[in-house]
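Chain naming follows the written order as A, B, C, D, E and F, and within any one chain the residues start at number 1.
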Amino acid sequence: MKRRLKIFAGQSNKPLANEICSVLSIDPGKLTYKKFSNDNIKIRIEESVREDDVFVIQSGYPNVNEAFMELLIIIDALKYASAARVTAVLPYYPYVRSDKKDEPRISITARLVSELLAATGVNRILTMDLHAPQIVGFSRIFVDHLTFRTIMADHFMKKDQDNLVIAAPDAGSAKMTEKYARMLDVPMVVMDKRRYSDNEKAHVLRIIGDVKDRDVIIIDDEVATGNSLIEAVNALKTVGRARRLYAGCSHGVLSNDALSNIEESYLEEFVTTNSIDQTIRKLPEKMTVLSVAKLFADAIAAVHMGTSVSKLFM
Amino acid sequence: MKRRLKIFAGQSNKPLANEICSVLSIDPGKLTYKKFSNDNIKIRIEESVREDDVFVIQSGYPNVNEAFMELLIIIDALKYASAARVTAVLPYYPYVRSDKKDEPRISITARLVSELLAATGVNRILTMDLHAPQIVGFSRIFVDHLTFRTIMADHFMKKDQDNLVIAAPDAGSAKMTEKYARMLDVPMVVMDKRRYSDNEKAHVLRIIGDVKDRDVIIIDDEVATGNSLIEAVNALKTVGRARRLYAGCSHGVLSNDALSNIEESYLEEFVTTNSIDQTIRKLPEKMTVLSVAKLFADAIAAVHMGTSVSKLFM
Amino acid sequence: MKRRLKIFAGQSNKPLANEICSVLSIDPGKLTYKKFSNDNIKIRIEESVREDDVFVIQSGYPNVNEAFMELLIIIDALKYASAARVTAVLPYYPYVRSDKKDEPRISITARLVSELLAATGVNRILTMDLHAPQIVGFSRIFVDHLTFRTIMADHFMKKDQDNLVIAAPDAGSAKMTEKYARMLDVPMVVMDKRRYSDNEKAHVLRIIGDVKDRDVIIIDDEVATGNSLIEAVNALKTVGRARRLYAGCSHGVLSNDALSNIEESYLEEFVTTNSIDQTIRKLPEKMTVLSVAKLFADAIAAVHMGTSVSKLFM
Amino acid sequence: MKRRLKIFAGQSNKPLANEICSVLSIDPGKLTYKKFSNDNIKIRIEESVREDDVFVIQSGYPNVNEAFMELLIIIDALKYASAARVTAVLPYYPYVRSDKKDEPRISITARLVSELLAATGVNRILTMDLHAPQIVGFSRIFVDHLTFRTIMADHFMKKDQDNLVIAAPDAGSAKMTEKYARMLDVPMVVMDKRRYSDNEKAHVLRIIGDVKDRDVIIIDDEVATGNSLIEAVNALKTVGRARRLYAGCSHGVLSNDALSNIEESYLEEFVTTNSIDQTIRKLPEKMTVLSVAKLFADAIAAVHMGTSVSKLFM
Amino acid sequence: MKRRLKIFAGQSNKPLANEICSVLSIDPGKLTYKKFSNDNIKIRIEESVREDDVFVIQSGYPNVNEAFMELLIIIDALKYASAARVTAVLPYYPYVRSDKKDEPRISITARLVSELLAATGVNRILTMDLHAPQIVGFSRIFVDHLTFRTIMADHFMKKDQDNLVIAAPDAGSAKMTEKYARMLDVPMVVMDKRRYSDNEKAHVLRIIGDVKDRDVIIIDDEVATGNSLIEAVNALKTVGRARRLYAGCSHGVLSNDALSNIEESYLEEFVTTNSIDQTIRKLPEKMTVLSVAKLFADAIAAVHMGTSVSKLFM
Amino acid sequence: MKRRLKIFAGQSNKPLANEICSVLSIDPGKLTYKKFSNDNIKIRIEESVREDDVFVIQSGYPNVNEAFMELLIIIDALKYASAARVTAVLPYYPYVRSDKKDEPRISITARLVSELLAATGVNRILTMDLHAPQIVGFSRIFVDHLTFRTIMADHFMKKDQDNLVIAAPDAGSAKMTEKYARMLDVPMVVMDKRRYSDNEKAHVLRIIGDVKDRDVIIIDDEVATGNSLIEAVNALKTVGRARRLYAGCSHGVLSNDALSNIEESYLEEFVTTNSIDQTIRKLPEKMTVLSVAKLFADAIAAVHMGTSVSKLFM
């Protein structure tokens, strides 16, 4: 009994889905999406998926609640259409930063997301660059956790890097930043976001470590409004007296005025990926978008064929 | 160990929640709702609910996906804050009309909704006038299924009803309409929505039964755009030559031009409830909104106290 | 690894199982059924089913409790004998009419049936013409819901139908009756089973719509004692002054005096199926039994092969 | 919030239920049992059980399948009527002897029974003298396993027992028989049911151990047709030359000709209990029925009150 | 998609695993076992198992808790490495004798073991000669329960057996001993471990049945310290005046002074298997170790290929 | 119905359990622990716990596998003894550092631990200072996650701290270290454990930030062999030229030569807690053990009483 590979896409990131299908030389699966006047979504899968091996691509931005409910409905439709296996492909995991209970009486929503996916009977999750690697353990679904670090590091490797240093924008990012620092074999610094009582320069971040006259790459997993990033850039430039500044993040949410702020900042280049659809806006000149399509296509092919893929995974 | 009664409300229908709390003479539970620039919702419960008996009120309109995700997050926060019992109060059940697989490869989303609620560990559901009573069986959560029929029928009972007849707007509503007809002890008719090949008057509904010179109440569980209702009204008036026309529905979605169409129609009165928040729009003169607050407050009190409540339930 | 198709039958409807096997050109699976003096049933599967694709056929009548327990025991034996997949084939779903909680403190037994099947680890359900399509959602087991409507409609299509009308025996059947009316493209009427206070003719059903001088087909999903049917027939003939009367139902329980009552009624023909074993009694002349064997055989073959089968399903 | 103690009974052993209620000085819970012409059972609980502590009494004989389905339906109705806790009281556990897979491709139906009970959400099981104590582990439901051995042993203790010996009717009963032998502090023998090749007396059981001129009590957990028992009696009398013979069993199924065979046998007395309803037949003179009502009433009271009850349990 | 057969071994019985692999002509799967200074175990599977059919061999002795945790961790690693199916091969089932609640407030740990295995998502269990066959029903995992009886009986069949008798070391073993007696077609006796009040010879076991001048094989499923066995041997020799004495058990735990006690006893031969690793100690001359490797290899091959294997199973 | 508070302890940390009981003025619950010659553990709860609120205290060191299996068996015994609620109190969470899949084909054993606990039906977990806060989300069990940071910070607050700095021993600890730095309102530095290619001083850690002439507190969640700690101490002293050095960790595993290495190091003081039993060894002079008993006792009382406890939790 054959299990054909099929890829369906939700509304959140169709260009990426198309690119992945293109890499794999298959046509995207056909489905009809309809939104009724009472805001209900209706999904109809327009081709047989009986006993097939199906992947559904949906990102956690924009409109994460709408997009996530749509994903659950697509999966439900596929499962009840007797797909043999359904894998949720989440280039940007929904609610990924809500991963711990650091205040009383809040939801660990990334865990809830995992439980809700499990409730649909989805068989696997394929995702990339989670805020914390522990999120993989938030349900009993098997998660393949890809990393974009190698590709991102390769991009910066091409820079003149005699004098490079990697900056973690806050203490929580230090671990992840260190992995980049190892790959590029350069030193790292950490931004201390606290305002010290003994700090004569109020409103300025302190830099743990030295960046003077160095080129600095600020690395984060996600940039939303970009305010933290711009603050770090300013501190590295004006307080730390760094030379050139670059920034890279896996998930470019880039909400509010992020794009214009980046364009007007000291940054030479801002690198992100299409884990979130970047085709919906006009991108500033300083911005470089690297594609995750090849990475996901390779992983999907490996999962489908059952071949060893550990080198793709974190 | 006391189990205090607490009621929290999502964003969808706070006026109803307040009214219910007012009937029960308790203050609404405090929670903070925040929506971030990346569209993520954050809920923080602002008072201890440890070992309490908590009810959360959320309707399935407007913005059903946003509202439903918010509900799931609130429940998750409450459960992990060690509430003894959490009851989801759903005056208008999300995706209630998506209750069967009448096309290939679609989701029975009302069932999915029930599964997703179950995945949060919610203990009970309290809802009203479901599109089909079978929906109660869509998960293992205990559902108390209230009916507004008695109150709705009482409202129409006050009309001059010597010559009344109840109209089902389509064959699928005939069963529910019959219950109203029994309560009011009047005849019923059924609208046949098909366009017959032998029908000289195209675009006109056929009426099964006789309404000539009679006052007709069209009953439905939900009115969305109102197009079907207005078609039925027109057919009953112009083809069936009915005298006065009334309409009643449990759930007034009233999207698109529903309100103005109703206002401009042959209808004398359109009756609905606040199971969906009706305070957000200016209501037309013909529209009467009956409150479900007393019904839900009584049910919540009964569930909380463990007293017999079968008379409130369908 | 091959997955051979195997079909086993419980005690309730062996002739249908044999007919299905005959259509599929396979031998029925061998099992030994024994009932001990303490009323315990023992099932032994008499051939290897390891890694096979197994279907078990059992109807919900007669002796539904005995038959259903037998079905559960057969499934349990098959699962623990390492069958790769077990599908419960339920031509007449057990307790199908117990699908809602329309009285306080009763069981929704059709839902319980679904949960009990799920508890055995059965993989799929294949059934036909459920009383309500929502029953499909009563558990997380995948249900393929066949319909006999096309075949039934074809049978009546061959009648002289210039003047045909379809009658729903009660308001609850109106929706299903309408589907037949659409297929045959004829008008429909609905029987109003209430006794009106203003009705001079006590004990007579009211007919919503007009049947005078018309040929009427009364359609229901199930006929048990036939009392409602005969009442409808009498009303249509004596009050509605219909010409010829036919009746069709998917599931012919035909308990008590149903057969003789039908034979002595105004009905010209009563059509049902072998979803329930009809070979155990002498059938009256007016009765026509259409076979569901081809329909189920096609569905079993499609499920087994993983080919698209949406056209067979409701 | 009070949790009232309520006891409901299925159709299988109402006299025992009444006796238990009488010991506890409470009225039996009210329910309506109806069997329709299509063999469907309908149960309606006729009093509120919301937040109550409910026990349901049902035996596994007679009509075990019918009785067990009825039990599941009663439990389902009670759970959905919001009983706080439901305990299944099974004086004679259904399918208790089907507890192992000693042939290929059979069901361990006692395990299935446990799974099906679990599927209803029942909270506890209260049962007595299981065929094997391991059955307690067949599901995650908490089982209180009572033993009647103390009461049974007390009964025989009153016999003249200078010369008593306990006989296990087969090797499988040796363990349980030994417990009786310990309590009565007498020797035991074991019946060897095999026909030896070197046995000159064909068709006669061999006795392992010596019973000559001794009074023998044959102990078993269950007697169905009584054939094995009578064979043992005959062997002990004619081959072993025992003096007086007694027999005791916890569960008196007594199907087929068991009663008359016992009456006509060498047995002086046959002792059993009302774990199975014995009021439905005329009992022979040799038969003594001991009541389990006090034992179950004590256990129910202890479970209800949460007091220590280990002395009642095996 | 191929599903390659792979066999991994924990630390408890690697010689058996190697022997099984040798019979099947495959290399053992590669894994790295590391124990950290904080006593944590780390397992890394050193080859791809994606979509493979994997068997893990681990015995319940020695260091059962350490060994069982290691097994759970191996299974967890294999499942999350996307093995298609994982079967736990347990030649000696952990905590197998803790199978009933014969004291208040103890754990039925054999049941817990089964639940814990189920929690890892393991797909099947393959085990041998359980203390009680009911243990198979302790979870919903499919268990293939092999028996070594045929091979053990064959071994003794080669003895001079004109005058043989089988002895059960206690009443609880009578059922299992009887199966051996049937296979060898010889009589059986049962040891009564109680000290009778009327027994002139204190501290001596009573023998139910006659062994005078006969050769006796004492059969048990497990021998731990051997104290019970030696007591039985002594009683059979000195009280029963048996001729030659043999003993056989499936699982040779042989803790404390078991080996030297056996060597110094009246036993002519003590036969056990390598279900527990026997290579770690110097075996006494009287001891014969039969290999279970062929039995398990055949079962693994049958499970892997999906061929009928009922003849291998109990 | 009262729910008495009861506290039981496993073998791993009885002194802490006794201290907690002492704070709460209750006697420790009685249980018998026995280890058989076949390494099987047997637990018998020696007092009734029916309907009680039970807490079980067990640490993840020493002998984590033995201790964890013992914990599971205790919980199993308590649940089946009908305790109303069982909370696992894990001062040092087993396998806490195995919280992510940072190599292919390994187990996230901290997640497995959580699943295994869930499999026993345990109701809650109470733990302290997890390696990563995400671990709370590794199962659906409710986790109260205490922090010892406040008490630890208070301890160091008493030091002369004009010139204090907090050091994270590696990038992964930076986030947690920052929380201490905030509480003490002092700067932080981060140890970079990589050996840089451009580093003239091989084998020496680089310090990100400045510690010259400052007093440094190195903070970690767990110290096992202490090698990393001593390396950090040496680097801070010899490369960074720090003045005085202190270290603090929540969980003092202190395996191998940790104690003597600490004693002989540049450290002035090493502070840890009794989350792991420290009474089993002679403590060096430099070592201070702070008790977590009050913290856990307060949390247990709060959970038992259902009072708000968010201030105790992280």
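What we mean here is this: a residue touches a chain if its C-beta (ideal position, glycine included) is under 8 Å from a C-beta of that chain, and two chains touch if they have at least 3 such contacts.
Just so it is clear, the structure is predicted and the values come from calculations on it, not from any experiment.
Touching chain A and chain B at once are the following chains: C, F. For the self-contact between chain B and chain C, the two sides draw on mostly identical residue numbers; the shared fraction is above half. The distance from the centre of chain A to the centre of chain E, each centre being the mean of the chain's C-alpha atoms, comes to 51 Å. Chain C and chain D have centres, each the mean of its CA atoms, that are 39 Å apart. With centres taken as mean Cα positions, chain E sits 62 Å from chain B. Those residues of chain A in touch with two or more other chains are numbered 48, 80, 101, 104-105, 108, 115, 140, 310.
Taken pair by pair, the chains that touch are A-B, A-C, A-E, A-F, B-C, B-D, B-F, C-D, C-E, D-E, D-F, E-F. On chain C, the positions that touch chain A within their shared complex are 3, 140, 142, 302-303, 305-310.
The touching residues of chain A, when paired with chain B in their complex, are 36-46, 48-49, 61-66, 68-70, 72-74, 76-78, 80-81, 95, 97-98, 101, 103-109, 112, 115-116, 118-120, 224-225, 253, 255-256. Those residues of chain A lying in contact with chain C across their complex are 1-2, 48, 50-51, 79-80, 82, 84, 121.
Across the complex, chain C is touched by residues 99-102, 104-105, 108, 110-111, 115, 132-138, 140, 145, 168, 171-172, 174-175, 177-178, 181-182, 185, 187-190, 192, 194, 196-197, 206, 208-209, 310, 313-314 of chain B.
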